[in-house]
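Down below are the structures I want you to see.
Here subunit A shows up in two complexes: once beside subunit B, once beside subunit C.
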Partner chain A sequence: MTTSTENTGISDITETVRAIVAEVLAVSAAELALDTDLRGVEGADSIKVLRMIARIEREFDVELEDEDVFGVSTIAEVADVVRKALP
Partner chain B sequence: MSVTLPWRTREDHRCFGCAPRNPHGLGLTFEQAGDALWTEFDLGHHYESYPGVVHGGIVALVCDETMGNLIVLRDGVPAVTTSMRMRYVGTVHVGLPHRVTATLTSVPTTLSGPALIHAAADVTDVRGDLVASATATYHRSAP
Partner chain C sequence: MTTLEHPTNQHYDLDPRVFGLFLDESRKYSSGWYRTPEASLELAQRQKMNLVADLVHAQAGHRVLDIGSGWGALVLHLAGVRGCHVTGISPAARQREFVEERARLRGLGDRVRIVTSPFEEADDLPTGLDAVTALGSVVHMPDLPAVFAKARGLLRRDGRMYVSESCFRNQSIRARFDDVDGTDFVREAIFGNGELRPLSELVAAAEDTGFSIETTVDLTKHYHRTIEQWIENVRANRAALERIRPGIAAQLEHYLDISNAGWGYTTKHYALVLRNAR
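This part shows the complex of A and B:
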């Protein structure tokens, strides 16, 4: 069972991740569902995905493992690895 | 206008990154913009890894140099790197201009405890797109 605080935390993380993804890929955040395959978004490529990751690491002051970086494909998955990386 | 590093005029200043008289060095110069320090570089084939690609270690060096000098200019004393981490995003091409911009992300708020300073640097290409980023920790050393 999760607490409301934990829910708020992951929700905030998710929305920040969604905003960064939208900005880097130059698409509307509203177009990005939590399960959207990031590499499948029009205009996305491996460099842009890494650029997103760099922005997200800086935003949350975390260092994501490369296994996570190359293992995630959706906003929900990115938010989850960020949450786990936070102190 | 370039900022002047405290040891720039010393005869024994041979820093690989920023000494003007090291024939093997990069001879970086720096500019200040608000709280940030930046440098531009455009490196030749002597500094590549794969053909046409600047070696990632050299890119890290420029980041380290820019972050470290930001602290030196701010505090007036040398700061040594204690750890550094790179995130490589794209390719730094030989023969094209790139910019490294460094900022401080946290500084000690008290005089007690270890004087650790955290900094970050972004490497951008001529379009302003991020190609690499760095985070690092520095320790102030005695002058």
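This part shows the complex of A and C:
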């Protein structure tokens, strides 16, 4: 069913995003809730957020719009814009 | 440090050995040109200097001014490979000694002259020039229209100016990022008075000065690769860098890392070829 495929898709995307965020910020993935404000995590700065976005774009082979790159603040939002950018 | 005359450029007046430990042998401190992705840093820098020489149509006997000549890579290339008579200008006194020594060793002493001064203040520069080059140097000059007007005044009719610069990707990115920490670090701690502008501002200033715009080249990916190779060199030479100046390796890597993270998102690196002609 379409709905369940989409759900599986977003959950895979979310887990990949979470893993990349954890690696770039050098924190455990378990500490990162879907609604954690990425710019508020200790050790995060605008450069690290850009680096995360770059890794995520490479991983999914997408280019996000500026308003998404600079506007998203949680893992759930990042996963959502990635899903929308995928073909 | 010999920074008393022009304290805003302290980064460039660091011990020259620091730059010898992360730049290529020519000590060219600007983007290379990678005709193939696997090119070495040295080759990419030679390819870039040939590209610049071609874009300004440099020929034997031509008279050229290089604004922000640094450790003289392009000055020595234009003089040695293309047979040009080249004046380089830079505010950093240590760079003049370095370049003049290299010119002597290569038998180019009569074709190379280095002026130690900010470009805006220099009043004894040659005129009627065939070409002016400015690789990553106008970022340090707050009054861009004045810089272009002065450069154009030094060129003969139909002479060319090559300008390459790191730019904010557009006006809205500039408004958003002009104040954030990474930009401040790069601008204040390293560049002194760096002023990143969007390409549109460079184009507007060039047009308003009376230049025709002949070519634009997007160098962003080339600069990203260049900086990756500089970072590899900083890491490989960390111990030697620390012996010269404790803390410098980490500071360089931080700066280079920030620069590379922003390419394509916040910043671009463009070259413009301007022609003193209708």
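Please note the rule applied: the second predicted complex is superposed on the first by the 85 of 87 C-alpha atoms of A that agree within 3 Å, B and C clash if a C-alpha of one lies under 4 Å from a C-alpha of the other, contacts with A are read in each partner's own complex, and residues count from 1 in each chain.
The rule is simple: a contact is a pair of C-beta atoms (placed from the backbone, for glycine too) under 8 Å apart; a residue touches a chain by one contact, two chains touch by 3 or more.
None of the values given here were measured: they were computed from a predicted structure.
> Tell me the contact category for A:L50 with respect to subunit B and subunit C: first, second, both or neither.
both
> In the superposed arrangement, which partner chain does A:V21 touch: subunit B (first), subunit C (second), both, or neither?
Touch status of A:V21: no partner.
> Where does A:R58 make contact in the superposed view: on subunit B (first), on subunit C (second), on both, or on neither?
First partner only.
> Touching A:F70, do we find subunit B (first), subunit C (second), both, or neither?
Touch status of A:F70: second partner only.
> Which holds for A:V41: it touches subunit B only (first), subunit C only (second), both, or neither?
Neither partner.
> Counting only touches as set out at the top, which of subunit B and subunit C does A:V78 meet: first, second, both, neither?
A:V78 sits against neither subunit B nor subunit C.
> Share the list of subunit A residues that count as touching for subunit B in one structure and for subunit C in the other.
Residues 47, 50-51, 53-54 of subunit A touch both subunit B and subunit C.
> Which residues, counting only subunit B, touch subunit A once they are in their complex?
Of all residues in subunit B, those touching subunit A are 85, 87-90, 105, 120, 129-130, 133, 135.
> List the residues on subunit A that touch subunit B in their complex, please.
Interface residues on the subunit A side: 47, 50-51, 53-55, 57-58, 61, 63.
> Taking the touch rule as given, give the residues of subunit C at its contact with subunit A in the complex, in rising order.
Result: residues 172-173, 176-177, 180-182, 257-258, 261-262, 265-266 of subunit C touch subunit A.
> Mind pulling up the subunit A residues that touch subunit C in the complex?
Within the complex, subunit A contacts subunit C at residues 45-47, 50-51, 53-54, 66, 69-70.
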